[in-house]
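To keep things clear, I will list the structure first and then write my remarks on it.
For reference, chains read A, B and C in written order, and residue numbers begin at 1 within each chain.
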């Protein structure tokens, strides 16, 4: 059975994909749907949901449209989620591949380094990094990447280490292929599925981290984000529940969708690991 | 003999990590945009030229980098984490005062999530494919995708604002002046919401992990041996599967300790819990960088200590470690 | 015996359907055989013959997606297939016991072996812990384990493979069951250990009058212990009868083919004349593994290859025979510089390879090639056969067009269809993959081929074909072969000379006739004595 057929058999994964597509469309169409900046107050303050048909999700204390905020927030979440994951995967794969393939001292050194970054509390470190380098979209993305690469490095190292001793890799050495070539053409293609699965789940975690940072006020001040909306609405919880409920639901649904996709990918790529029915 | 050697090795490693964090902190001060002295001063005196100059002299900021690093290291080892110019108190005093509250919160959340997570995971694995399994795993999936701080806010909305069952803020009732058991009960009452909301995400993680691990172990050969011996199903789960399945969950939980402490920053912020997480948030608002870096160092140290203890415990629980370690 | 008329076990017309979508409809179909008390019945067959399936069905240990669709399994007259799980659990361990192929994974890694044995007694109603302990000590001593009073507190990882299997046997014997099912119990063990375990099972069976259902793929083992034999192919019983009849007068063509494929001594080697000048001279080669070692403890040192010397001539086949841990595979890896060497010389065409850097050695690699053990792990699952065969020549500077032409020629040479070129490894059987592995090595026109257990993972009939192919290629291409194997019979069949390795050193080296008929070293004698089916001549059976 092909990969796509197996993926399509997983209802949860399909639902996740559908949700993610909707989120992507909303994010892409945000400037068309809501031409006015989400920072601009354009309605009465603190309109409840469905009180005014122009603002179906209500407005905040400055009369800003919650729905517009959600649409623009999706852009930030997806952008930071994807780019920080890409950077983290790049770092993790490079370090993990070198450590796993060459072993010995190189491996020792790189793994000590990785362990160090894995031990120190990731979120606290992200907070410190963003605070010290002042919150911009670049510093946030990099901070999230810096705290999230170690699991990738460990995963890739493990894969390379075990694949390295596999006979087809030994055979590649025996026929005279060079180290970099073996890593790229023999080992990496066989290690790619777990990397993809991990990366997809990391996007979800990155979105959670980004929202947590901006909840603490460490978001980019020029970009509306879901975490910021919740953080700003925190003091209004008693008076205006919708200010924090809707952005939270947006985060939940997006992260859930990506997790479902990740699990779907995992099942589709490792069919033998999947439990039998019944 | 072997255990002692192991202990020394692990201890050395832990110390190295802590020193690494100190060096990292030092580098961050140096790398931060602007004058390191201004960073140390925080918002407190950024405008005051004379104050900055005084700080620069005090920290030897005109000396070569390695000299600065050495003196910085020396200070930290002596227990001096810097001075909060904002609060006019040494950072170490601020943190020490707040640390117990955080340990109480994260410790409770850890125990709560581990016990509940493993229990639910075992139930789900035993009733695989049943409605109970689906309910548990769906719940785990949802809480795995929910931001900590939002769960906390929603819990306040429901249990404090609407139902008025549990207090939304603080660690104890202000001005009540409880002592003895009354105070313990009062703190416990305040602890429920923060600990549970902090623990839910990790409960989800441990549930998923336990279930997967149980199912994997159930497929191993020695389970078949146990069946061939005529061991009843219940006893197979208890005596053969559970222990083998739970070990990797413990390892993972120990690695995750850092995340739990990080999560405390968010939970304490929402619940105004007087711990170092809340301290970190306040330091953020006030740009009080010495406090920020101090909290970072202390959280890292706590995590290293937790890992050290679990490593030692693991050595006792798993007989194979001694041979391979 | 009280009731010698009724059989102990009667499997009647048992059929177990496979889930839809697989290459055949039944895992086992219409299987019928009987086992009496005091008898050893061997079920023999190649992989996929369904030989283990029936055993699992008897124990009620089939995976949930397999359900018998017809037939009966009568144990002392009661149908096991109609019993409830509780009733079955009552019988398991008490009247029927089972041992498995891989004793390490069959034991709980976190439970002391004594406790695992005592558990059988406990779950079958022995409440008195002192009596349980006494029985455990008896059992451990009975199966020949040293120092039972300490050994019962050991965890399985502390024991050797043979000791673990003895623990499994002790566990199976705990309640003196009437029947023992042994599912390939010696396949994962070395020959000398295998001989001991077989001897143990046989002596216990005689002493207790048990019925033993013994599943194996090895006709040599069958010849050693069977009273009766059942031969299975593709889920069907093709022949059964008394051991002497089936072994010496096989009737069914499949049985004849299997027996003909059993490796054997060829008698003499006529090719001695074609052997040419020295190609590879190994002098005092040593390789040491260090493990553990910390602040206070000395590292454990294992001399994997200890001062090994030999000469290999063009066109010659040298067998390197030894048990696991003898250093035979490490030797092969040293020769190809897949691992670094402590000392000594490897002179290939007069040039010492040991001091060469990896980069300096790479251009020479094409002369020394290897055929690996595992046909499933030795081919990159993400590459087509064509890519696998052309990678080597391309890495050595051959233009892709030439490499492709050569690859297609090679497919014919090793007996594969031209269409194989564009297909992926998973589309091929084990034997076919091993042919691809041989073609990959030959693509570089090597002068020396190292075959590391290259036929060990294959079924006997396939093994015979691959061996034949190797011999034929050697005659055609005049290459020297180092044939590393644990199986003396295989070595005797294909090698001009045999080197016996024991604890890293070559203890004996000579032509097969000398090694077999006049072994000089004590270890060689033990090794030969341990060969299963030594006194049975498969040649005579199918002549």
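Here is the rule we use: a residue touches a chain if its C-beta (ideal position, glycine included) is under 8 Å from a C-beta of that chain, and two chains touch if they have at least 3 such contacts.
In UniProt terms the chains read A, B = ABC transporter permease subunit.
All values derive from a computational prediction rather than experimental measurement.
Student: Can you tell me which chain pair comes out on top for contact count?
Tutor: Comparing chain pairs, contacts are most numerous for A-B.
Student: Greatest Cα-centroid separation from chain B: which chain?
Tutor: The most remote chain is C.
Student: Please tell me the distance, in whole Å, between the geometric centres of chain A and chain C computed from their C-alpha atoms.
Tutor: 47
Student: Suppose each chain is reduced to the average of its Cα coordinates; what separation in Å results between chain A and chain B?
Tutor: Here the centre of chain B sits 22 Å away from the centre of chain A.
Student: Chain A: which residues touch two or more other chains?
Tutor: 278
Student: Across the complex, what residues on chain A touch chain C?
Tutor: That would be residues 166-168, 170-178, 181, 185-186, 189-190, 276, 278 of chain A.
Student: For chain C, which residues count as touching chain A in their complex?
Tutor: Chain C residues touching chain A: 63-65, 336, 338, 362-363, 365-366, 368-370, 372-374, 377-382, 391-392, 395-396, 437, 440-441, 443-444.
Student: Can you name the residues of chain B that touch chain C in the complex?
Tutor: 1-2, 5, 8-9, 220-222, 224-233, 235, 239-240, 243-244, 247, 318-320, 323
Student: What does chain B use to touch chain A in their complex?
Tutor: Those in contact with chain A are residues 17, 20-21, 24, 28-29, 31-33, 39, 128-129, 141-142, 144-150, 153-154, 156-157, 161, 215, 255, 258-259, 261-263, 265-266, 269-270, 280-281, 284-285, 287, 289, 292-293, 295-296, 299-300, 303-304, 307.
Student: Spell out the part of chain C that touches chain B in their complex, as residue ranges.
Tutor: So the residues of chain C touching chain B come out as 59, 61, 85-86, 89-94, 97-98, 100, 102, 105-111, 119-120, 123-124, 155, 157-158, 168, 171, 294-297.
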